[in-house]
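Labels for the chains are A, B and C, by order of writing; each one numbers its residues from 1.
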Amino acid sequence: MQTSASKRGVLPGFGLTMGYSVLYLSLVVLIPLSALLLNSTGLTWEKFWDVATDPRVLASYKISFLTAAAAGLIDTVLGLLLAWVLVRYDFPGKRLFDAIIDLPFALPTAVAGVSLTAIYSQNGWIGSLFEPLGIRLAFSPIGITLALMFIGIPFVVRTVQPVLQDLDAEVEEAAATLGASRFRTFRSVVLPELLPPLLTGFALAFSRGIGEYGSVVFISGNMPMKTEIAPLLIMSKLEQFDYAGATAVALLLLLISFILMLLINSLQRRVRKAAR
Amino acid sequence: MSKRLKKGVLIGLALTMAAVLAACGSDTEAKNGAKNDGGKKSVELLNVSYDPTRELYEKYNEAFAAYWEKEKGQKVTIKQSHGGSGKQGRAVIDGLEADVVTLALGYDIDAIKETGLIAEDWQQKYELNSSPYTSTIVFLVRKGNPKGIKDWNDLIKDGVEVITPNPQTSGGARWNYLAAWGYALHQNNNDEAKAQEFVKELFQHVPVLDSGARGATTTFVERGLGDVLLAWENEAWLSVKELGPDKFDIIYPSESILAEPPVAVVDKNVDKHGTREVAEAYLEYLYSEEGQTIAAENYYRPTLESVKTKFADQFPEIKLFTIDEVFGGWDEAQPKHFNDGGIFSQIYTPK
Amino acid sequence: MAGSVPLASTKTSTPRNRSTRSTGAVKWILIGAALLVLIWLIVLPLAVVIIESLKKGLGVYVEAIRDPDAMSALKLTLLVAVVTVPLNTIFGVAAAWAITKFNFRGKQVLVTLIDLPFAVSPVIGGLIYVLVYGAHGWFGPWLQEHDLKVIFALPGIILATLFVTFPFVARELIPLMEDQGQQEEEAAVTLGARGFRIFWKVTLPNIKWGLLYGIILCNARAMGEFGAVSVVSGHIRGETNTLPLHVEILYNEYQFSASFAVASLLLLLALVTLLLKSWFTRKSQHQS
């Protein structure tokens, strides 16, 4: 006890906060999620394997992960730009700008799906521009990616923004005084500091994208093997009252995203240590 | 350290319990209130239904409440719940305390029956397979029918795009699929292989499989995708009325399926609530002249002769087959066609 | 590890318009690009919502919002937010404190577990509560015996919303507090400050923006959540329908404009919370 306490430092409240966090986490997340694991009536290994290796299920995983990763990456770049401009510059309408970024959270995902489809379908504002080029935006993986970008962008902006706000301008100024070019300052002083929140933002946008259902079903077209996402397959299995199958798909999805996020989180930690 | 950990756990427990109990408490109070006056003067029913029946039941609930008050002097309030048919069925299974269910297909009520909430013979309790009103599957095409679509076999012509929701996620869309199958079967002397071929070809003309009926309608109407929308007759009429009489025509194929959205009393729940009498009367009254008229006004096909003649113009006579005749009921049709590994999913499985 | 970290320098809130700031062309190019992204990615879809909601005229719009079912859905949505946001905020602060101020084994796993609800499909987020509290779930029979309703009633909706908005505050605070290290708090301890006071006087001022962001995001998502709540709500009109569910119902009833009108009401609610934040920001800037 003594040694562990001293190793943990002098700050108080570890027991209290840790105990509460773990308890609350268990009550709200872990116990219900374990129900998914344990309550899978009729889910044998065989059945699990059957479901997991079904070509249609595999295809849906591929689509879900690829589109979520693409959306996460694009969001990371665009989100950095938005956060940068918000923190570093003053311009008219900035407050409104700032407020609008959160609105994708507040819009029910189904509404987002319907309006995004309206924009990107072949007779929509943007979709009609691409139609002559033979590029189909809605009802294709591009459409899914666009929907996931909309859902995920606030995550990146809102994780980068506070850190950027906290970031010391003086370090940059020192670098600049020492003759570093603006780009170099950004690359070697600012970016290392921003890498951890950027990774977090990516991880959040990405993982949110994997599970997203409401907005995607409208724009994806749901063609099996082509644009069918994994959460839709879960729904379709539930519709057959096939709880075991639905659980199998959900479990695998959960497991893969958990591992991916664990990787991203430890990567983020390593980056942070390296930056110090 | 462990002492503090304990403190954290205790505080956490207290906080969470307080919040949940507060929520539970307010809920039970409301429930008890309803129970106390549930005996004599007034009674409450919960009708769990599927999506496009809201207008129908809004009108019908008013009519029934008036009728019941006149008959029994009891006030009845009917609460409505609408959603996808399968989802609603699951909700009742998982504890949504519906007094009556009015769903899109018998399969979903059968699933509730499996858990013992509804008696085995529910489909014999009321006339006509417990389906007071019916519908069928028709084609919605763009005004003037530019592709000249008259019947099912026109759907697989080159260059025709068909919009239908996914039968695996939409209960309503299962009727679409079965209608096409039945037609092909009758065209080919009941040759199952030919029917399968036809349905497969039909779905190759489907560019987008929406997850629900309303999504498919939006794709067809707002996005301008496809040449023909397969829809329930009542929904086709509704979309023409709501979305533009000048934009669409309804085409009746030579034959189609008789869609029977059935109704049932949830026995366990009505016995628990003490609402059996009023719940049974509620469904019974759907067969009355007034109930049938309301159904017809909401574009559902009435089953009572007198009302049928009155609305003859609205519902053209076409050849209709039932699911029992052609498919041997839902018990057979569902696993054979729609479950994973069934004929529908084979269409999309790469060989 | 703690010793090797340089002491956090004092924060300055002076306007950043010195020579090193990118000025002139670069600034405006970046702002322009950001605006373009914002308009394309976020404003356009929102514009569709507003345009669609007003397509049939203001009358339909007002009627859709004044509808008693819409009003009861609004009340329910607000109630759910009022319960879930504080609960998740307390958790977020506690978890961030434990994670960033101390070293312990399994930290990575804990952080990832906190993120997990983001990765869980909302449909599953609802389903798990059905598996626990539903009629055939673990506690189902017990609940029925005692005539308690969780699923298809308010508690279920609150639980599902808690789950979906679970990580927001913690997620916002962890990177921020990690960045700030624990020197300031340790200094406070050396100076004799204790327990909660340290948090209140030293930590909170440093994290207040992150905390506020977290709360706002949590709130926005709590009000807008659709998938998970849809599974546990039971969709009883005027009783267990939240605003997003009401939107869906109207949409399914071919009431396109009305459904978008109600959706725009949700946007309005979000804007109100954001304006509150804006007001807070300005007030605190005046003070400092």
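Operating definition for what follows: a residue touches a chain if its C-beta (ideal position, glycine included) is under 8 Å from a C-beta of that chain, and two chains touch if they have at least 3 such contacts.
Since the model is a prediction, treat every value here as computed from it, not as a measurement.
S.K.: Starting from the Cα centroid of chain A, hunt down the chain whose centroid lies farthest away.
M.R.: B
S.K.: Any idea whether B-C or A-B has more C-beta pairs in contact?
M.R.: A-B
S.K.: Just curious, how far off is chain C from chain A if you go by their C-alpha centres, in Å?
M.R.: 15
S.K.: Averaging only over C-alpha atoms, locate the centres of chain A and chain B and give their separation in whole Å.
M.R.: Each chain reduced to its C-alpha mean, chain A and chain B end up 35 Å apart.
S.K.: If a residue has to touch 2 or more other chains to count, which residues of chain C qualify?
M.R.: 90, 94, 137, 159, 251
S.K.: Could you list the positions in chain B whose residues touch two or more of the other chains?
M.R.: Chain B, residues with two or more chain partners: 8, 16, 87.
S.K.: Which parts of chain A, given as residue numbers and ranges, touch two or more other chains?
M.R.: In chain A, the residues touching two or more other chains are 13-14, 16-18, 20-21, 24, 114, 118, 235, 238.
S.K.: Using the touch definition up top, name the residues of chain A that touch chain B in the complex.
M.R.: 1, 4-5, 13-21, 23-24, 27, 54-56, 114, 117-118, 121-124, 138-139, 217-218, 221-225, 232, 235-242, 245
S.K.: Could you please specify the touching residues of chain C with respect to chain B in the complex?
M.R.: 83, 87, 90, 94, 130, 134-137, 140, 144, 147-155, 158-159, 230-231, 234-239, 249, 251-256
S.K.: Quick one: which bits of chain A touch chain C in the complex? Just the residue numbers, please.
M.R.: Checking each residue of chain A against chain C gives 7-14, 16-18, 20-22, 24-25, 28-33, 35-36, 39, 78, 81-82, 84-86, 88-91, 95, 97-112, 114-116, 118-119, 125-126, 149-150, 153-154, 158-159, 161-163, 165-166, 168-170, 172-173, 176-177, 182, 185, 193, 196-197, 200, 203-204, 207-208, 210-214, 230-231, 234-235, 238, 246, 250, 253-254, 257-258, 261-262, 265-266, 269, 272-273, 276.
S.K.: For the complex, give me every residue of chain B touching chain C.
M.R.: Residues 8, 15-16, 19-20, 22-24, 26-28, 31, 46, 51-52, 54-55, 79-83, 87-88, 91, 93-97, 115, 212, 214, 217, 238-239, 242-243.
S.K.: Which part of chain B faces chain A closely enough to touch in the complex?
M.R.: Those residues of chain B that touch chain A are 1-9, 11-13, 16, 84, 86-87, 89-90, 111, 166, 168-171, 207-211, 215, 218, 222-225, 334, 338-340, 345, 348-350.
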